[in-house]
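Below you'll find the structures, each written out as structure tokens.
First chain A sits with chain B, and in the next complex the same chain sits with chain C.
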Partner chain A sequence: MLEQYQQKDRFLQKVNPSLKLGAVLVIIIMMIPVFNPWTPLLLFGCTVIMIIALGGVSFRFLGLLLLPFLLFAFSFVWIQVVFPDERGNTILFTIGSLPVSLENVSTGVSLGMRALVFGSWSLLFVLTTEPSRFMLSLIQQCKLPPRFGYGMMAAYRFLPLFRDELRQIRTAHRIRGLGEKRGIGQLKRYFIPLMAGAIRKAERTAVAMESKGFDGSRNRTFYHRIHWNRYDAYFAGLLLLLLTTIWFVSSPWSA
Partner chain B sequence: MSNAAIRGLSITYPADNQPALPPLDLDINTGENILLAGPSGCGKSSLALALQGLIPRVIEAEKTGTLTVNETELEHWTTAQACRHVGILFQDPETQFCMETVEDEIVFGMENIGLSIEEITSRLEHVLEITGLREHRFSRLTTLSGGLKQKAATACLLALDPAVFVLDEPTANLDPKSSEDFIQLWINTAARGNKTLLFIEHNMETGLEYIDRVIALRKEGGVLLEGPPRTVFREKAHILEQEGIHVPEVCRTARRVEQEGQITWDPFPLNLEEWEVQCAQRGIQKRNEPAPDFSAKSPVAPPLIEAENLTFSYGAERILENVSFTLHTGEFAALCGSNGAGKSTLAHLLTGLEQPEEGTLFRKGKESSRYRTEEIMKQTGFVFQNPEHQFICDSVEDELTYGWRMTGSNPEFIRAELEEMLTLFQLREKRDANPFSLSQGQKRRLSAAVMLAGEQELLILDEPTFGQDESGTNALMEMLKKWQQRGGSIIMITHDMELVDRYADKVLLLHEKSTAFQGGTDTFFQQNDLLEKASINIPVSRKLKPWVHSLERQEAPC
Partner chain C sequence: MRQNHTLNLREIVVMAFISAVFGVLYLVWIFLGQLVTGILGPVGGGLMAGFWIMAPIVCALIIQKPGVALFAELIAAGTEIMVGSVNAGSVLILGFTQGLGAELVFAMFRYRSFKLPVLMLAGMAGTAASFLTEFALYGYSQFAAGVVWFMLGTMLLSGLLLAGWGSHYLTWALEKTGVLHNFAIGRSNRQTKQERGAS
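Right after this comes the complex of A and B.
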């Protein structure tokens, strides 16, 4: 499912992964001093539209992925309303004997929206970036040592293997009559075979990589070059435009 | 011209007292195809790693003696140089890759040694062509079958174009059809360039006619014997067998009939075609002996398992459709079928892990749904492909008694049963060892034993002999046979038709999601059309039988 979107031939997919990662960091930093709820709400709306329009991700799929973030965001509002630092004066309504004030709701919404913005930008990155392109870009543009880049790539390949292995271990233990209880003891029992397998796999993969001439140095050619292209310029422009617009539109509230 | 010279080479891993590879002298000539055989633990794999310099460059181990390849001492090589001289193919297809797609992986090696983009492009095209992977160029490695994965790994090696190839048991995890294809690919490769090929194999049955020299290693170290395959398998097969080294089925039989004076081979046959050609020249005809009837014992008790039109899907995907079969108490059934035919799913249904969507499953005449899941699991053992997954205790003894302790059996009983199990599965001297520290074969035996330490009536095994050497397989099979004689019933998922022929009473073949055959083993191997359709090879020993019969009936040897 994820791969299907990562490999689409759309605008966001063509942008250099390092640039996209940089954009995510910029957004996070920019959002730190913002305390009104409208700025992040606006930014969140724009991000969702970008992911759908420029990344070709279906609305349903995106919504499904955002659901946990929404719950997380709502928990901020809830906490602000139920356990506020100081209760605001403008009481909107009461739940039972609990007064709900506009100020608390507003702080809660702003914190929650911030979480949503971070979540949506992370999704923008994950949904439109192929892991191997990301790794190549880190090595080629950000000068990450190949040792870590290709190591990460090999580790990434292990994730689905681990999932399968965990499933098999659970079935195997179930058959031996351990039931499906989940607890610390149970985790320990999964942990040992999983670790034993992981260490062996990692060792074998490392040997196989070295046997193909990999020595971790920068002394290598790149068959796939991740170049800067015009899409990167458009993306940078778009990001700048987005940030300034939001800045101006939301300045009356932030004053 | 000598390509590799090994002088007194010995390898010892840290924390080991014994060397993994005892001192060895060996010469390998340019362009030679060598089959290197030896019992488990004789250091074949360590030799492979040392030949490329991976020992001691990557893997820490003490190395003594000298090793020169193409007149260079290996110590002088950099990583990039080493892989231009020697390429290694490993056994496990899962752990040889670090990239996502076939193309990326092939390119990875060439990037490492710094080839130009033009060179990479042309080599990439070339290796995709000769390995037949063109249509899989952009496929993800995880989606490929084991056979295709090994072909992809081969393509990676060929792209680096070394002079010497070391193949470390590359077919141990492949089904027979894929291993045949795979060996053929390598033989074509060797014939194309003047390449040196070193096959390290437990049981090589195909491609022997292309081997120039067989080298057998001794467990205690050194070369047991060497020579051209025809000479070795004709004159020294008994020495190999004593050392626990597999002798190809055709050669073993050919040698026996020759010694019994029924025929004098010229040349000694290395495969079935050579055998048939020579018999034809001598005017010997195949004679089919009437196969002993698989007489179904009319059972008094209802069958242990009776499945009627089982159907099962995962989500929208239909896995099994109308599968029916019966298994009586005390029977040994083989469950066969190509990958993805639904064998494991059927096994899960029988273990009670999953429930059939449609159809009924009777256990001892009673509908399965009337039993509680725990009850079914108590009666049924399931041995997984990876034995480690089943281990939950810290010592072999605890592991074996776990089942009884759970059911609250009395300690006296447990102690007596434990001793019996330790003896039956040859784990006596390992009783206090941690299960994870055992050898591959011991782990396998323990994983089967823990499944029987209870009141199991049925044991289901998922490819228990994958990646095991000959003696490991034999030991396990003998134990299963003993357990069967004590009244146990066995269902074994396997690709190994020799095992099916030798041990199974009946066969259940799944093809395209439903039962294609169920019945006695002899009848099974007579269904030629069916076997062809399911791409199953009749075991060589069975194909040889009619020839052996007619040789034995001959009046005068020729």
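Right after this comes the complex of A and C.
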């Protein structure tokens, strides 16, 4: 489902995954001291436009992914209204005996929008980055030890197999007349065989990797090389531009 | 018992597989968590928090070497991102701090004790670390102090029960199947059995 976007030949897909991830972290850290609603709102708008225009993601699909986030964001608004640190003075209206003040709604919206900004930037990364390119970039640019990188990649490639295995376990349980009850109590019945299978597969994979000469040493050659390119420079420039614009536009409110 | 303290490839791959499975479970849990948080507020979300500390504790209990808890949580976070978490950025930061929290407790016991109380403490340290991170990331300073303290309380409880006791229970159930005989947990188990048999 995500592959069709991750493999598109658009601007964001060509940017180095490590740089993109770095940008996500920078955005998150920049948002920490912001408590007005306009800055995150503006940033969220810009991000959505970037994902659609530069990443080629359809608006409907993006909206669908952000939908659960809206609920999460809304929780910040109501909890801020009901349990604020200090209640504001400008009363908008009252629900029962509960006064709803402008200040609290605005802080709540700000925190909710902040969660949405985090979500949208995460989507910007996830929707435009192929997992294997991400891992190779971590190994080649961020100096992640290849043992960990390839170990993770192997585990990632096995995930679809686990889904089949889960189905198999369920069928096996049904044949033995254990029924198809679902719930927290039944978790162990699936978890233990699944994990036992995963550990056996992992041991075999490790033996296979070692027998093929993979010793996890650093000075190795790569079939796919991830290079820095001009798109990375454009992206870094765009990010700087975005941050300074938002900084200037929203500074009158951030007092 | 003398053993090498650096991780070998077999342990790394096993750790990656376990954490990857947890990473997928975490994703399902995030979805649940967001629903619960949306309805009950961050307090309800606090009760779910312990689940996210299970991968580091399960892996640390199995492999019993320095760094395992931290790397396991980072791998789980990495898997979440590769599978397509809608929360990639915060997941990565949280993965790091949660893993670090659990790791510190194991380091405090010099990676020698992996008994239930230590695991519970590690679980609580993990949720405490994730509380501090979320406090900064999502601006909890703007909420009433009572709510925030209550949230910390539910998160610690969740760390104690879900992350500590839950991981202990599941890992020892897994040990009984015999797949862990080649790992530290299986070795130490056999050793205690032999000692008991000798005396």
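Annotations
In this section, the second predicted complex is superposed on the first by the 236 of 255 C-alpha atoms of A that agree within 3 Å, B and C clash if a C-alpha of one lies under 4 Å from a C-alpha of the other, contacts with A are read in each partner's own complex, and residues count from 1 in each chain.
Assume contacts are C-beta pairs under 8 Å (C-beta built on N, C-alpha and C of every residue); 3 or more make two chains touch, one makes a residue touch a chain.
A quick note: this is a predicted structure, and the numbers were derived from the prediction, not measured.
In the superposed pair of complexes, A:F222 makes contact with chain B only, with no contact to chain C. Of the two partner chains placed by the overlay, only chain B lies in contact with A:R189; chain C stays clear of it. In the superposition on chain A, contact of A:I52 is made with neither chain B nor chain C.
In the superposed pair of complexes, A:I169 makes contact with chain B only, with no contact to chain C. Of the two partner chains, chain B and chain C are each touched by A:A154. When both complexes are overlaid on chain A, the residue A:K212 reaches chain B alone and has no touch with chain C.
In the superposition on chain A, contact of A:K201 is made with both chain B and chain C. Of the two partner chains, neither chain B nor chain C is touched by A:L242. Counted by residues of chain A touched, the larger count belongs to C, out of chain B and chain C. Of the residues of chain A, those at positions 131, 154, 192, 196, 201, 205-207, 209-210, 214-215 touch chain B in one of the two structures and chain C in the other. Chain A makes touch with chain C in their complex at residues 2, 21, 24-25, 27-28, 32, 35, 65-66, 68-69, 71-72, 74-76, 78-80, 83-85, 107, 110-111, 114-115, 118-119, 121-123, 125-127, 131, 134-135, 147-148, 151-152, 154-156, 158-159, 162, 188, 191-192, 194-196, 198-203, 205-207, 209-210, 214-216. Across the complex, chain A is touched by residues 7, 9-10, 12-21, 24, 31, 34-35, 37-39, 41-42, 71, 75, 78-79, 81-93, 136-139, 141-147, 170, 173-174, 177, 179-180, 182 of chain C. Per the touch definition, chain B reaches chain A in the complex via residues 49, 52, 54, 57-59, 78-80, 82-84, 87-88, 90, 92, 94-101, 104, 107-117, 120-121, 140-142, 156-157, 160, 348, 351, 353, 374, 377-378, 381-382, 384, 386, 388-392, 402-403, 406, 436, 450.
Put simply, chain A touches chain B in their complex at residues 3, 131-132, 150, 153-154, 157, 160-161, 165, 168-169, 171-178, 189, 192-193, 196-197, 201, 204-215, 219-224.
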